[in-house]
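Beneath this line is the structure, given in structure tokens, with notes to follow.
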Amino acid sequence: MSFPLLTILGGVPLLGALLLVALPRSRAAAAPMVALVCSLVTLGLGVVVAWQFDADAGGFQLSEEADWIPALGAHYALGVDGIGLTLVLLTVVLTPVVILASWRDGDLGRWSANSFFAWVLALEGLAIGVFAATDVFLFYVLFEATLIPIYFLIGGFGGPQRSYAAVKFLLYSLLGGLLMLAAVVGLYVVSADAGAPSYLLTDLMDVPMEETTGRLLFAGFFVAFAIKAPMFPVHTWLPDAAASATPGTSVLLVSILDKIGTFGMIRFCLGLFPEASQWASPVVIALAVFSVLYGALVAIGQTDMRRLVAYTSVSHFGFIVLGIFVFTSQGGSGSTLYMFNHGLSTAALFLVTGMLIQRRGSAQIADFGGVQKVAPVLAGVFLVAGLSSLSLPGLSPFVSEFLVLAGTFRTSVLAAVVATLGIVLAALYILLMYQRTMNGPLQASAAAIPDLGLRERLALAPLLALILALGFFPQPLLDVINPAVGATLSHVGVAQPEPDVDVSAPDEEPQP
Amino acid sequence: MNPGAYITLSALLFSIGAVGVLVRRNAIVVFMSVELMLNACNLALVTFAKQTGDLSGQVAAFFVMVVAAAEVVVGLAIIMSIFRTRRSASVDDASLLKY
Amino acid sequence: MTGEFDVPKVEYALVLPLLVVFGGALVGVVIEAFASRAWRYTAQVGVTVTTLVAALVSTVLVGVGLDSIGGDVPARGELVVEGAIVVDGPSVFLWGLLLVLSLISALLFAERRLEGGLTSFAGQAAALPGTDAERVASTERIEHTEVFPLMLFAVGGMMVFPAAGDLLIMFVALEVLSLPLYLLCGLARRRRLLSQEAAMKYFLLGAFSSAFFLYGIALVYGYAGSFDLTAIDQAVSASTAGTPLLLAGIALIAVGLLFKIGAAPFHAWTPDVYQGAPTAVTGFMAACTKIAAFGALLRVFYVGFGGASWDWRPLIWVVAILTMVVGSLVAITQSDIKRMLAYSSIAHAGFVLVGFVGLYSGNATGAGITSLSSVLFYLTTYGFSTLGAFAVVTLVRDAGGETTHLSRWAGLGRSSPVLAGAFAFFLLAFAGIPLTSGFMGKWMVFAAAWAGGAWVLVVIAVLTSLVAAFFYVRVIVVMFFSDPGVDAPAVAVPSALTAAVIAVAVAATVLLGVVPGPVLDLAQQAGAFVR
Amino acid sequence: MTPLISPWLPAEAGGGVPVLPVEAAGTFWWLWLIIALPALGATLLLLGGRLTNPWGHLLGTAMSAGSFGVALVMFVALLGRSEEERQVRQQLWTWLDVGDYTVDMSLLFDPLSAVFVLLITGVGTLIHIYSIGYMAHDERRGRFFAYLNLFVVAMLVLVLADDYLAVFLGWEGVGLASYLLIGFWAHKQSAAVAAKKAFVVNRVGDVGMSLAVMTMVATFSTSSFVGVSAGMPEASSGTSTALGLLLLLAACGKSAQVPLQSWLLDAMEGPTPVSALIHAATMVTAGVYLIVRSNYVYAETPVAQVAVMAVGLVTLLFGAVIGCAKDDIKKALAGSTMSQIGYMTLAAGIGPAGYAFAIFHLLTHGFFKANMFLGAGSVMHAMDDDVDMRHYGALSRAMPITFLTFAAGYLAIIGFPGFAGFWSKDKIIEAAFAEGWVFGVGALLGAGVTAFYMTRVMLMTFISKKRWRSGVHPHESPSVMTVPLVVLGALSAVGGVLLLGGWITGWLEPVTGPEGEHELFVSPFILTSLVTLVVLAGVVVAWLVFGRGELAGTAPQRVSWVTRAARNDLYGDAFNEAVFMRPGQHLVRGLVYLDDTIIDGVVNGVAALVGGSSGQVRRAQTGFVRSYALTMLGGALVAVLATLAVTLA
């Protein structure tokens, strides 16, 4: 086995979490710094991983594999393809940002700051593991294990409704998780019937499966991922969670953890059940399109900023799921890129609204007004974050959203047309919120709001820089994503639709 | 001969015992009903042993008797202690633990 | 009759663990009779621990020396004592498990620090609550050290129960394990009334169920003409259709066994008894009785009635569903921790039944799990977590002893994070969250059930796990997310005994959750039952 | 005889001009600099924040002027090339490459984009200069110039991109800049609302643009001008028509054409230089650019062409009517803008015969309308930011330069012979008549109405008796503001030279194809005379109504329904509100209710149900041992009977 880079990548934050637990409470003031350093080291390792990754080679790279529970066919197997790498990078980029932005959030909770940051780091480590797991059993274990940190982060450090929100989140996730457990168990049976049981993705992809069995198992996986993502109609945990959690927690939840849902759809639903995925795609596409419009419309009607942002995510996840299930290279790559971009833009939006809310002590949109006059930088960041959420060209989400829509258009014109209406609604929900909070006459209650401090600017700057940079130069990431998506699609076995008119650009000679 | 009658009797005794457990309030009587059920079993065992000519059924009856005796010891001890505390042998009085 | 006398063949080496345990129990009785009061506690604890350790060692030796006899699923072991006892892989595994858990329970029994230097058992069970006699017993520091030999007898019964090769021995073992437990239930130092009530309920219902069990035995005997499981198996397999005699017998035997494992609708005693009994005893019962009863259930139904599985599977299906649903559902609204754990144990019984009913004997290559190994593994995980959870319950106390009302546990996560963390961890294990043993256990039984064709049952089990998760989570919320009340209970500092119990339980829960391989291998190697 | 509306002529389909660029080299290597300079300005100014206030305006102006300089050099270089080599493409980097779809970030400098670049940077620079004076007292002047530069960048991307997706980047970029600038004084609620409205309505148009690009991707696997223009002839007629209509929808949003016109009037909340640059001269003409650029699409779809013409015709009348009733000088001009762009759209819809004139009118309109907006700004500056023309009057004396330059613009827009607008509008009307009676008469009528309302503005502002509010002391603006006015006034007067020798049509031929012949029922001279007569009539009527006698200081309330409708923007907002907003709000409210009560309610309901049944089931645990025994006995009985029944049945 080669150097276990991925294990170390996931292990560093977990060790950091242990370190923080061991840190005496009297030294709690040092906790954020310890956490930040740890997450930055992880970021550095993440860069090394990206650097080691060969975009042209395709397949799983940096693989590690060891038997874990032979009787179950479970392995400790890690490896990243382009899709996994993208999400690993998202995780390692966002965690330092969250730590920096949540510098004092740990003090507000029920427990010491140590535990807040320990949970954050634990979550990072587990999330990396989830995205790098190439064994279904390992994936499932880590998938479920991520619930615990986030549960305590919501329940321990959130707003007044936190207990309710935490329990709702957990039970909702467990519902999905347990259904998936049933499907994972079923996979074992399928695999054991075919010979020696194995949970390795590569082994499972080749296991023959009856049609009905495949569809049943697909349903188990899909429901879990749909809840995680979240899609209509199993989304209602998200607004409650987002409204009760601290901004940093919301970022971890929506930007990273929820991606497991859509990541899982590509990796497992498409990867393990190609036939069932095709079979289910009309329904899934319909649901996804409905999610897009529904999330956006309900977002427009929200009065609480955090709930609003949560509903926008429902809409965005609709796009992501849509792109996955149209089985075109544009759709698939667009969705994967969308996961990354949505992570950035929603993170920025959650953090900046969080900073705003913390300054005023209220999340109600009506309690603000004219803030841009007293806090122009905050307003500017808010605007950019918002614009990225409404997929303004030039900001990173646009590229992915367009690719998803273009990919959809090739297989389902109707779905694409309806989903495209979402961009008008996106403009409405973002700009209405911006107008009511930032513009208009300055409200007396908002007059004392200070502008962003240095730490907050430092936390947000990398996000905005990435959003802007990837808006114009998404290709490096796409180069990583394309081969993995291509491999997945060819596994599903759907041919890319040919263009009606073949236009070979005169300067492009066909490759011999 | 037809063992049916014995088996029927045994079933009848068993049922009487079971009903006794349900309808009687006094713990001692309830316990006696249980003993009646055990004896019904004994009757069945012996009958079957006789029918198949296998001795082990009859041996089993002795085992059951011994076990029943042991049960009596333990049972009476428990019932006695609860009777002393509550001044009542009614099983319905001991109903603090519920729901 | 030639008058020749066949000396029954007794393989002493193979039944050594049983002999050690019963011998130890007898020694305990002798000590109780002759040793002075000052030394009794020390002597009893010493004898008990020594006995259990010795039995464990001999079990290991027996296990290592088992001969393989082959078969579809390789089985190891043999029938001993003229077929009365079966020393095979599953038996030895269960013995080992029972002995380890009993050893841990013994430590809980021996805990004296929490009650100011006395055990948590009544000083004088015969003394009336609230009378002078009780006060005298208390001031004179009188203890019922009989609990130790009682416990050893119960352990002995539990060991024989799943290893019995014949129904009569099984019945005797059932009584040997039950009678001491009836007594132990009534011996609580605090809340005597509840304790006595628990003992009485347990006793009456236990005797009642024994009667069913026995009548079932009688009917099966009538059908097969033998108590011997092997003979019964032959009789059952030989006939093409079940007869009323056999079917009624099977049903009644099932009732008796399902009563012991606390399956609905024969579970009614469980919450009351678990709540009223001394917590150490509750832990012991919850862990060990259930294991022994499941062992017996497996043996009777797999070995004896395996040929009639199509007749009894529907029954077990329904019972499994009912058990999971009732256990999970009713636990939601419980406000007493012990009672809640009792209902949780009912739900767990249901999950084990799911694995049991799969009747899966492995795939063609023999590489995967079987129903038997999955149930054995589940029982292992469940035993440790349960003991650990009850051990934690003994530590949360106020002036009146243990405070088991849920509302009093509010804010425990802040005042004693380690203890609350451990408890939360056990709860997560019960809920089946990955990286805990509970998850692995659930996975195994579900896999066995699905492989056996019972995927519908798996889906139902999964949904009831969600309901079950709700009340575990609720306790975590109370402990961690609520503010402590004004009269928050103190968490007593335990002696090394209870601390060790909790530590071992946590360690087992982690290890079985992360690296279940070794234990799973043991369960796998147990192979099939020897017929 | 020309038909009422020319029939859709499939036979005429085809004839689109493929885009065949050559690689940029030599001078053209510096093409990127045109965009880079203002981009640098915008970046520095945005990042610098308040630090840039002392010198921000200078930097911004310099960057814009530098860009104009580079553009001029490029233009000259392009002039020096042969017609076949006048399409120059500079590849910058690959934006995205997924599967069979690749989008390059590259620039296409051809005759069409060249004139646009000159217009944008040229007029843009003038307006930058003007703004130095206009915004002198604003504490956020640095920010204003940042936004202006940002706008210039986006607009340049829009016209220089060689791929529809990249056009879309500029397309939404100008939308953003427009949003920021309309809402520049966001502390005013009306400005904030207007900005949002502009963006959202534009987004509706953007849906069309998005779908158009998707259609291209699906049809051609590319969205570059080169690829699409090459593939169009082979595309099915359905695809062509869909593309044409979708692009038209996009154009309607950006160019404030009916039915997406409602935002433009509100957009006048922005500072006046913004109105001049964005909402008169450049951004709002992007729709016309898009249609002309996509000539190869419309060449395949007569249906869409007719739709374009219809939109143009309706809008030109719509805007003109609105312009007649507005007392707010900027809104009157905005209505006029709408109307003039209607002319351009009409011309663009005509096809090769009209493209060049659409662009020609676009350019002259850029001059004279920017001129008039800036003039209006100058007036407002003098009148303490009062925009109500009923408070003006007799300003010609007080502000002679403003008056004279404004007058040049006025003469140009009404089509006074010799002035820029005369040439361009006349050509459009001519082409419209060739296309069909309805279009010709409509365009002619529009010219008359234009003359009416512009004369009205002229009279109310500069000529009639003064109706100033107390404390207002009008004065001429500083030279930093008047110099741009003079330049633009001059261009308004002489802009027509572009037509000299048919230069503009020849120049655009590589893009739009040859002008093509059209038949007229009368000689062009007679038609021109007719137009002039109609214009004269408009002027006279206006004079009769507003030139004599007193004007009320406030708008009279007892007016005809026509006037009332025009004052209410012909009920465009009311329509939107009734058809989209209200139902939309109800829908949103309904969905929120649904989400809270039903969707989430089901979840909570299930939880409550489970909890409730738990409470019920636990009642079975009565605490009485005999009831437990009963349960057991019952269970045992059922077990026995069921086993027997199942097996023996």
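For reference, chains read A, B, C and D in written order, and residue numbers begin at 1 within each chain.
Everything below uses one rule, namely that contacts are C-beta pairs under 8 Å (C-beta built on N, C-alpha and C of every residue); 3 or more make two chains touch, one makes a residue touch a chain.
Since the structure is predicted, the reported quantities are computational estimates derived from the model, not experimental observations.
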| item | value |
| --- | --- |
| Which of A-D and A-C has more C-beta contact pairs | A-D |
| Chain nearest the overall Cα centroid | A |
| Centre-of-Cα separation between chain C and chain A, whole angstrom | 44 |
| Gap in Å, rounded to a whole number, between the CA centres of chain B and chain A | 65 |
| Inter-chain centre distance, chain A versus chain D - centres from mean C-alpha coordinates, in Å | 36 |
| Centroid spacing, where centroids are CA-atom means, of chain B and chain D in whole angstrom | 96 |
| Residues of chain B touching at least two other chains | 18, 21, 30, 91, 94-98 |
| Touching two or more other chains - residue numbers and ranges from chain D | 607, 618, 621, 623, 625, 629 |
| Two or more partner chains touched - positions in chain C | 200-201, 204, 208, 271-272, 470 |
| Inter-chain touch pairs (all) | A-C, A-D, B-C, B-D, C-D |
| Complex contacts: residues of chain C adjacent to chain D | 200-201, 204-205, 208-209, 212, 241-242, 244, 247-248, 250-252, 254-255, 259, 264-266, 268-269, 271-272, 310-312, 314-315, 318-319, 326, 329-334, 467, 470 |
| Chain C contact footprint on chain D (complex, rising order) | 607, 610-611, 613-615, 617-618, 620-621, 623, 625, 627-629, 631-632, 634-636, 639-640, 642-644, 646-648 |
| Chain D residues within the chain A interface of the complex | 20, 46, 49, 93-101, 105, 165, 168-169, 171-173, 176, 179, 183, 186-189, 191-193, 195-196, 199-200, 203-204, 206-207, 210-211, 213-215, 217-222, 224, 226-228, 230-231, 234-236, 239, 587-589, 591-592, 595, 599-600, 603, 607 |
| Chain D-touching residues of chain A, taken from the complex the two chains share | 168, 171-172, 232-233, 235-237, 294, 297-298, 300-302, 328-330, 333-334, 370, 372-373, 376-377, 380, 387, 392-394, 398-399, 402-403, 405-406, 409-410, 413, 416-417, 420-421, 423-424, 427-428, 431-432, 434-435, 438-442, 472-475, 478-479, 482, 486, 496-497, 499-503, 505-506 |
| Of chain A, residues touching chain C in the complex | 68-73, 110-111, 140-145, 147-148, 152, 155-156, 162-163, 166-167, 170-171, 174-175, 178-179, 181-182, 184-186, 188-189, 192-193, 195-197, 216 |
